[in-house]
Structure formats: structure tokens, C-alpha cells
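Have a look at these structures, which come just after this line.
Heads up, the next two complexes both have subunit A, just with different partners, subunit B and then subunit C.
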Partner chain A sequence: MKRFALAAALVVLATVPLWVGSTYYVNIASQILFYAVFALAVNVLAGYAGLVSLGHAGLFGIAAYAAAKIMTSGHGHLAVAAGALAVTLAAAAVFAVLALRGTGLGFVMITVALGQIVWGVAYRWISLTNGDNGITISGRPSPFGLSLASPRGFYWATLAVFLLAVASMAVFVASPFGASVRGTRDQPRRMNALGYHVWMIRFLAFVLSGFWTGVAGLLYLYYNQFVSPQAVTLTASAEALLMVISGGTATLLGPITGAALVVVMKNVASAYIERWNFVLGAIFVAIVVFMPEGLVPGVARLVRRSPLR
Partner chain B sequence: MSVSLLLAINSITLGGLLFLLSAGFSLIFGLMKIPNLTHGSFFMLGAYLSTTLIARGFDFWTAALVAGVLVAVFGTIVERLILRRLAGAELAQVLVTLGLSFMIADVCLMVWTGDPIRIDTPAALRGTTSVMGLGFPIYRLAVSLIAVVFAAGLWGLLDRTRLGAMIRAGVDDAPMARVVGIRVSRLFTVVFGLGAWLAGFAGVIGGPILSVYPGLDQEMLPLALVVVILGGSGSLLGSFVGSFVVGFLYNFGQAMFPELAYVVLFLPMLLVLVVRPQGLFGRQAV
Partner chain C sequence: MRITRRSFLAGTAAVAATLPFPAIAQNKPVKIGLLTVKTGPLAAGGIQMEQGTIRFMKDRNYTLAGRKVELIVADTGGNPAGTKTKTQELVERDGVDMIFGPLAAFELLAISDYTAQAKTPVLSLAAAEDMTQRRPNPYFIRASATSSQNMHPLADYAAKELKYKRVMTLADDFAFGHEQMAGFGRVFEDGGGRIAKKLWPPLVTPDYTPYIAQITGVDAVVQGFASSNPLKFMKQYRDAGLKLPVLGGGTAADDALLKSYGDEAVGMISCSFYTADLDTPSNKRLVDGMVKDYGNIPGLYAAGLYINGIVAEGALEKTGGKTDDREAFNKALRSVSLTDTPRGPLSFDHLGNVVGSFYIRRTERKGDKLVNTTIKTYPKVSQFWTYDEKWFLSQAVYSRDFPPLKS
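Right after this comes the complex of A and B.
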């Protein structure tokens, strides 16, 4: 049953560009996929490690800006991807060392501050980042001869990356490392007493999260062919967190559902509702107050309770 | 010489405003363990409300007090109705306060539009005064003075009154304070209301200097965060010193390294975090 559902989901995902018709919706589907990768990355920390980061848009933006800088200085796409991910990993390591000085609220506040530094640099260091005007790049890569210039080509490439991310998350969750990350979330003292290096486990979880955040940032840049300080605002970090929380933390499906929800709300609903930020805030408040565990576990609970079963 | 003097005055003024903003933030954080991300919104909301009040014919100081009270009422309602339900759930509090800050920002945009609004300097405090042949803007001096008076008042409240002793007991060890009969839950409401009032009031008296515009909330909140991380949460002295440090770093940073102003602002904070994670005047977490 489960295998069948998985196969069906794969077929549906792979054929999206063939049946949704207009390129507008293909592009929305691509956005959902790379934001889902971002949400999965945030979920590693917020869900499994119990460390809520409000600075992840900073890492996301660092990847996008690094890639844009490397590209505008005339390097090939391979160098762009490798360089951007290397820079993001290094930044994630620095972020982790600083943010892990605190846990709980301390961690949240430090990540807010780190995210704001990145925003400040993106906004004010005009000679490096071109300030508010952002950086425009031209051209998407063509890995293995597949051109990503068309919305369909880009969708399939994003889907491949997305599936890779989901698979890596599934492996991570099932692995002893995943178990130890959850252990440091639930019982840090016991884990310490059992001889686990709690700090190192959290650090590695942060770097893993940083890696997939960087991948998502790279896809974001290639999708928009443009990056500006808008990508690194506190609101962007909060949106990523909203995806995770609204879907359900510490689940695989939750962040993906949440990413779909937020992207659809933003693109489709904002065509009808002018006050998107108000709606975003209201969803935040409503979910936290009424469905604190998120949509996926929340709906699962309702289904379990229903008299039909 | 005169440029750096002007910068110093601006720094002290900003420090004073930041103190009013972050003292409440720090107390709320220290006592209730709530990271109140709506605090910047309270600041902005206070300023916006006062523009309406002033337009309706109130004078500046009455408007400042009344706007503060309105913000405090709003804050108390939020605390009672929403935050109270989420006691102990830090993540939920972060999200709810962040969500509320988005909602407040959008409502402000709807009501007061996107154009910056200038609040006029009260007539009695316009112009400059001359001390030792140097011109000082009177209003900025007045703001600094107000901050110092409030600092002294808050210190007196916390250090010399029964209420202050109860608040300090709550900050140090809330369960123990409950055991000895202090109504910590009522204290929460009082402190949250006081913090909101201070933030709203600060927004109004900051108005003639900063004016009010969309995004002011997101600009002030990180500054308050830096102050609290620098000074240590729950410490009034920490907020005071931290505010002026941030005031100086911000103004001098912007004047000397305009492109790196934020880096200059946040680097000392990161340094403090690495060397002394509880903040300069914070106590070691139990």
C-alpha cells in the first residue's frame, strides 16, 4: 500500500509539466519543490534537533549571492555550484559555532542576529552585493545536455534535486546519526551521560541543514536569475519556518506540504488578497494556537479519531 | 571635532530610545522567558497611534502617554489571551509573536499608508541651545534626559519597592517565587504591560527624530535583540549599558563604515556571545 502510494506520487510528480498545462503552474510547481528542499533543511534543525533557526534565509541568501558573484565574474556553472555550496557550508559552520553558544531561546536570538547581519551586508555593502538593486544573472546551466532554460526542463531538474533531498532525509532519519540528533533534542543530558558528544551532533546537524539550504538557495537563484536583499529578510526566514511548522515538524511529509501550502498561498491567494503579510501572520497564530503539531500530524490525528475507521 | 560631537549626541539619543525599548524587552524575556518579537511593533504602533492623536488635537506629551497606554492595553490583551495559553512553549511563543508582528505591520500599512510620517518636535523643545559655544539640539538632549530619568525610575521600582522585589524574585526563580506566595502570573501581566507601555512611549518620543514608516519595527527589533544579548537578559543595568554601546556603534559605524554598519553593530555582540554567552551583566543560567 505504502509502496503503491509512493510510486503513484512519483508518477504524478514526474508528469506534472505534461498535465498542468500552462507554464505558470509548472513554474509554481518548481517553486514548491525548491522551497520544499529549503523547508526540509530547516526541519533538520527545527524538527529533529529541536533548534529553531530564524536566520536560515541568511544561509539561503549566502548561497544565492555567492553563486551570483561567481557567475558574474565569468566562471562556468560547475564552478558556480561547487563554489556556492562550499561558501554556504563554511558559512553554516560559522553560524553553527556561534548559534550553538545557546540552545532554546538563545539559539533563536543568535540566529535572528546572524540573519540580520547577512541582510545588512546584502543591503548596505553595495560594492559587493549591489545593494537593493540585487544581482541579475543570465542563463541557466545545462547539466548532462538537459537544458534548464525552459520551465519544463527546470522543473524536472528541480524534481531530481528534490527527490535526492527527500531520499537523503529519509536516510538521515533512519540512520544512527538521525537517532542521536533526536536524542540530543529530547534528552541532551542523558545523551551526554551516554558518551555522545552533544555539541558535535548538533553542529553536524546544522551543517547538514546548511548544505540543503545552500542547494535550495542555488535553485532559487537559477529559477529567478536574480537575487536581492528581499531573499534574506527576517520574513523570509519566518516563511521557511512557517512551512515546517504548518506542515508538521520532525516529519518528512510535513515540510513538503507546508512548502506547497505557503507557495500556493503566496502566488495564488495573493492575486486575490492584497494583505498577504496579514494572512501569513494570521496563519502563524492560528496554527500555533489551534493545531500546534502541524497539518500532517494534525490531520492524521483527526483521521485516526474519525468514526469511519 | 564638531562632526564627532554631533555623532556622539545622536548616539546618546539613540541609546536612550533603545533603553526604553529594550528595558521592557529584557524584563519580559528575563521574567517570562518570552522572546517578544512584537516589541518592535509596539514601538512602531505607539508612534503611529500618536500621529493620529496629535492630528486630533492632543498635544505631544499627552499623545505620548495615551499612545503608550493604548499599546500597553493591546499588549496586555495579547499576553492574557494568547501568550498565556502557550506558557513554557518557547517555539510557539516565537511564532505567535512573529505572526502578530506581521499582522500589526500590515494593519499599520493599511491604516497609515506607506508614506513616512513625521512627528513634529514639541514647540518648547525646538532649536538648539548653546553650551560652551557649541550648539546642541534641545530635543535630543531632552530625549536623553527622559531615558536617564526612566532608568532611575525603573531602577527604583525594581530595587526599592515591594513590586520590584517580587519581579526580581520571579526573574531569579519563578517556581520558588510561587511557593512563597507571589502571584507570578499577575506579575507577568504587569511586566508585559509595562514593557509594552515603554516601547509604545519610546516610539512616540523617537518620532520627531526617526519619524514613522513601514519597516520601523523590523529595524528596531534587531537593535533591541543586540542590546539584550550584549547586556544580558533581565538586567536593567545590562540594558542601560548595552543601549548606549549599541547607540554609539550604530551611529559611528554608519558614519565611518557606511557599507559595513551592520557588521560593526553585530560583531561586538558575537564577541560577547563567544566570550560570555550570558551577556555582560547577565547571570549564569541555572
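Right after this comes the complex of A and C.
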């Protein structure tokens, strides 16, 4: 049953550009996918490691800016992707070393500060980042002969990356490492007493989260072909966290659902409802009131308790 | 009354049903997409943009050059990624023939390449200099002003007529502020004046006192704030007891902002591409309509969009209402030359930027209201002011540190 559902979902996802009609909706689907990768990355920390980060838009932006800088200096797309991810990994490691000096509120505040530093650099170091005018890049790559310039091509490439991200998350969750990350969330002192290096486990979780955040940032840059300080604001970090929390922390489907909810509300619903911010807020409040564990676990609970079963 | 996209379509349909169309009318409406900001900190200007557009469409009964118009309003939320998505929505899903807006420079820069590829003309107020200078987009037309286009005449007036020798500048610390003050500085210093100091308060600052405290030893103060910041600055400036004259750009003493000012604004000298007291038939219609519908005189956001509407109408008349050949329509837009608009006569240079009148105004109290009274008109001002275009473009773009101060 589960396998069948998975296969059906794959078929539906792979054929999206063939049945949604307008390329506009294909582009929306691409956005959902790369924001889902971002949300999955935030979920590694917020969900499994119990470390709430409000600075991940900083890492997301570092990837996008690094890629834009490497590209505008005339390098090929392979160098762009490799360079941007290397820079993001290094930044994530630095972020982790600084932020992991605290847990709980301390961790949150340090990540806020780090994110704001990235924003400050993006906004004020004009010779490097072109300030609030941002950096424009031209062209998307064509890996293996598939041109990403068209909305369909870009969607399929994003889908491939997205599936890779989901698979890596599934492996991570099932692995002993995933179990030890959850252990440091629930019982850090006991984990320590058992001989686990709690700090190192958290550090590695942070770096894993940073890696996929970087991948999402790279996709964001290729999608928009533009990056500006707006991409690294505190609001952007909070939005990623909201995706995770509304969908359901420490689940695989939750962040994906949350990303879809936010992207659809922001882009599609806002064309019909002027006060879409209000509606989005109301939806979040409703989720917190009726399904505090998030949409995906909440719906699963309702289905389980349903008398129809 | 708030007009949503749905009531719009309904309204357009109702108008369409009641009006007889000339024989040349194509049955397909011209689709105009308006990218504006209706949520977030930029919403004040964005909502005025929408009001100006609607005012224009009402004045024309939603019919331009014999074709009915369908207006589709999209809220970008004031961020580049949102603007990109909304632009794709307008171009790919709704198939618009042209786009009015967006509001902010960073929004425009995010969609510039895309709209050029999609061959969709963009008529925007966004003032980013390089959009019509070193990085021009063939499908971009600006009927308002570059950031510095207001400031060049203001600096000329300050140096030659007011005979100020030393001034200090204060502006928001972002590209629009930088470009304004760089333009002011170049013309003012070339006119024999000196800039004593440039101060850059952050865009979001509750308190200007530390900056106001540094003002000393100058003849006047030039402020380049935008949005609601001019109000905060002027209030704190007068509260600090300073009496020095204040000069400002288009956003500093915008006509729509006057109702929110108190006596602190009296005496301010500003320069703008639009002034509500201009005596032309189209401006009178705009001002009366805005006062009737929205209870306030129009400022540069509403007027700018109204003017965009007139430019689009001029181009449609040239092509006989046709928009199918985008290149021809785009060419028609750029060759528009008008004598009666709410900002006076205007035409475009080969980069798509306006050549038009700029007005030096003094803010005065008339009865219980503040008004801007025009004291001098600079006709046919180009974005290059009196400089040679080649020389101007060979220089770096205006920024926080360029051109450097002479003193």
C-alpha cells in the first residue's frame, strides 16, 4: 500500500508539467520544490536535533550570493555549483561552531545574529554584493544536455534534486546517526553519559542542514536569476521555520507540505485575496490550535481516530 | 471602496457592455498588468499607484484607442522574488500586453531580464539610474524620473538662485538615497558650491537626533528621504530648534504627503517631476478625480501611473490599437511625445528615459492646508542634465561614494 502510494506520488510529480497547463503553474511547482528542500534542511535542526535556527536564510543567501559572484566572474556552471556549496559548507561550519555554544534560546539568538550579519554584509558591502540593487545573473545551466532555461526543464531538474534531498533525509532519519541526533534532542545528558559526543553530533547535523540549505539557495538563484538582500532577511528565516512547524516538525512530509502551503498562499492565493497575509496568519493560528503537532501528523491523527476506519 | 481584481473584471465587463465601440475596435481587450505593493512597508506608495491607474482608466471608460482595457492588479509584497513570480503570472498566465510598475528599484532589477526576454514593455516609476543608462533594457520605459533627475535641477537652483555655498545632505542609506545625493553633489559642486558632509541614516530608524546634531556651519540642509521618513525627519529637525532652510527631492515633499505634515514643512524647497498645482487640463482632471474618489490630492505615485496610462494610450493610438507586434508596439511607446500630461510636455530619449519638465516648489500654508507652490520650472530636463551623454555614461554610476566630494 505504502509502496503504491509512493509510486503514484512519483508519477504525479514527474508529470506535473504535462498536465498543469500554463507554465506559470510549472514555475510555482518548481518554487514549492526548492523551498521544500530548504524546509527539509531546516527540519534537520529544528525537528530532529531540537535546535531552532532563525539564521538559515543567511546560509541560503550565502549559497546564492557565492554562486552569483562565481558566475559573474566568468566561471562555468560546474565551478559555480561546487564553489557555492563549498562556501556554504564552510559558512555552515563556522555558524555551527558559534551557535552551538548555546542551546535553546541562546542558540536561537546566536543564529538570529549570524543571519543579520549576513544581511548586513549583503546590504552594506556594496562593492561585493551590489547592495540592495542585488546581483543579476544570466542563463541557467544545461546539465547532461537538459536545458534548464525552459520552465519544464527547470522543474524536472529541481524535482531530481528534491527527490535526492528526500532520499537523503530518509536515509538520515533511519541511520544510527539520525537516531543519535534525536537522542541529543530528547536526552542530551544521557547521551553524554552513554559516551556520545553530543556537540559533534549536533555539529554534523548543522552541517548536513547547511548543505541542503545551500542546495536550495543555489536553486533559488538559478530560478530567479537574481539575488538581493531581501533573500537573507530575518523574515525569510522565519518563513522557512514556519513551513517546518506548520507542516509538522521531525517528519519527512511535514516540511514539504508546509513549503507548498506557504508558496501557494504567497503566490497564488494573493492574486485573489488582497489580505492574503491575514489568511496565512489565520491558517497558522488554526494549525496551532487544532493540530499543534503540525498539518501532517495532525491529519494522520484525525484519520487514525476516524470512526470510518 | 476597495477594488479587488474580481470587481475590476466585473467593472470592466459592465463598462464594456454599455459602451458602443468604434468599428476599428478589436474584440480582444488590451491587457495591462499592474505590479504594485499592497502589503508591507511600501504599501502607501503602492496603493497610490493603483489609485492613479484606476483614475486614468475611469477617465477613459476603460477604453484606449478604441480597444477596451482589462487591468490586472498584482501585489508583489515588496520583495524581488515575489515580484518575479507575479510578473510570470501576468506574462505567462494572463498574457498581458504591458506592465505598469513595479514600485521599487530592487523589484524592477529582479524582473528586468525576464521581461526583456518575454518582450513585455514595462512602464515603471522605479528610479534605478542604470536601468536607462549603463544597463538599459530595450523594453523598459520610465516616464517619471531617475533618482538624480529631480536633484540636478534642485542643485542648480540652490547654487545659482539661492546662492548657497555649503550644504549638508541627509538621505536614506540605500541605492535611491545614494543616487539622489550623488546627483545633487555633482551639479552643486560644479556650480561652485561645496557639500560639507553627507549623512546616511539607516532606512529604518526611529531617531534622527544623532544626525541632526551634526548639522552645523552650512547654509542649508538637503534631505533625500522617501516613504514616511521625510515626515519623521522634518518633525525632529524642527523639534531640535534648527532654522536652516531645507531642500528636498521628489519624495521629500510629495503632494500626497502634505496632509500628514504640520508647520514643520513650511518653507521647504523641493523639486519633483510632478506638482499638483500645474495648470494643464489633464492635471486638473487628475487632481479633481483623485480628490473626489480618494479625498486627497495626487502625489508622484498616483500621477506617475496616470502618466504611464497616457503614454500607453499614445502608443496604442500610433499602432491603431494593435499590440500583437510587440517590437512595433514597444517602438511606438518610446516614440511617444506628448504636450498635455499631468506633468506637462514629455518625450523619451533613446534609452527609454523621460525628457520633461521639473518643478521647483516651495511648501506654503494656505488656510488650513499645506500646498506646494511652483516657483521655477526647468523644461526639457534629460537624465544627463546638461552633461554630455557619452561623458556621463563613461563615469561610474552614482553611488554612496561616487562622485567623491571636491572639498
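One rule holds for everything that comes next: the second predicted complex is superposed on the first by the 291 of 309 C-alpha atoms of A that agree within 3 Å, B and C clash if a C-alpha of one lies under 4 Å from a C-alpha of the other, contacts with A are read in each partner's own complex, and residues count from 1 in each chain.
Keep this in mind: a residue touches a chain if its C-beta (ideal position, glycine included) is under 8 Å from a C-beta of that chain, and two chains touch if they have at least 3 such contacts.
A quick note: this is a predicted structure, and the numbers were derived from the prediction, not measured.
Enquirer: Does the superposition put A:I126 against subunit B (first), subunit C (second), both, or neither?
Expert: A:I126: touches subunit B and subunit C.
Enquirer: Please indicate which partner A:A79 is in contact with in the superposed arrangement: first for subunit B, second for subunit C, both, or neither.
Expert: neither
Enquirer: Which of the two partners, first being subunit B and second being subunit C, lies in contact with A:L253: first, second, both, or neither?
Expert: In the superposed model, A:L253 contacts neither subunit B nor subunit C.
Enquirer: I'd like to know which partner A:A271 touches here: subunit B for first, subunit C for second, both or neither.
Expert: second
Enquirer: After superposition on the shared chain, which partner residues are touched by A:V285: those of subunit B (first), subunit C (second), both, or neither?
Expert: first
Enquirer: Quick check on the superposed pair: does A:A231 touch subunit B, subunit C, both, or neither? Answer first, second, both or neither.
Expert: A:A231 sits against subunit C, while subunit B stays out of touch.
Enquirer: In the superposed arrangement, does A:V166 touch subunit B (first), subunit C (second), both or neither?
Expert: In the superposition, A:V166 touches no partner, neither subunit B nor subunit C.
Enquirer: Looking at A:L105 after the superposition, I want to know if it touches subunit B, subunit C, both of them or none. Which is it: first, second, both, neither?
Expert: It touches subunit B, and subunit C stays clear.
Enquirer: State whether A:I245 touches subunit B only (first), subunit C only (second), both chains, or neither.
Expert: In the superposition, A:I245 contacts subunit B only.
Enquirer: Is it subunit B or subunit C that touches the larger share of residues in subunit A?
Expert: Partner with more touched residues of subunit A: B.
Enquirer: What residues on subunit A does subunit C touch that subunit B touches too?
Expert: Residues common to the subunit A contacts of subunit C and of subunit B are 123-124, 126, 277, listed in rising order.
Enquirer: Can you list the subunit A residues touching subunit B in their complex?
Expert: Touching subunit B from subunit A are residues 46, 52, 54, 98, 101-102, 104-106, 108-110, 112-114, 116-117, 119-121, 123-128, 233-235, 238, 241-242, 245, 275, 277-278, 280-285, 287-289, 292.
Enquirer: Show me the residue ranges of subunit A that touch subunit C in the complex, using the header's touch definition.
Expert: Residue list for subunit A touching subunit C: 22-25, 27-28, 31, 123-124, 126, 131-134, 136, 138, 220, 224-226, 228, 230-231, 266-267, 270-272, 274, 276-277.
Enquirer: Name, in rising order, each residue of subunit C that touches subunit A in their complex.
Expert: Residue positions touching the partner: 2, 4-6, 38-39, 74-75, 77, 79-82, 84-86, 88-89, 92-93, 105-106, 109-110, 112-114, 128, 173-175, 399-400.
Enquirer: Residue numbers of subunit B touching subunit A in their complex, please.
Expert: Residues of subunit B touching subunit A: 29, 33, 35, 82, 85-86, 89-92, 94-96, 98-103, 105-107, 110, 218, 222, 225-226, 228-229, 258-263, 265-266, 269-270, 273-274, 277.
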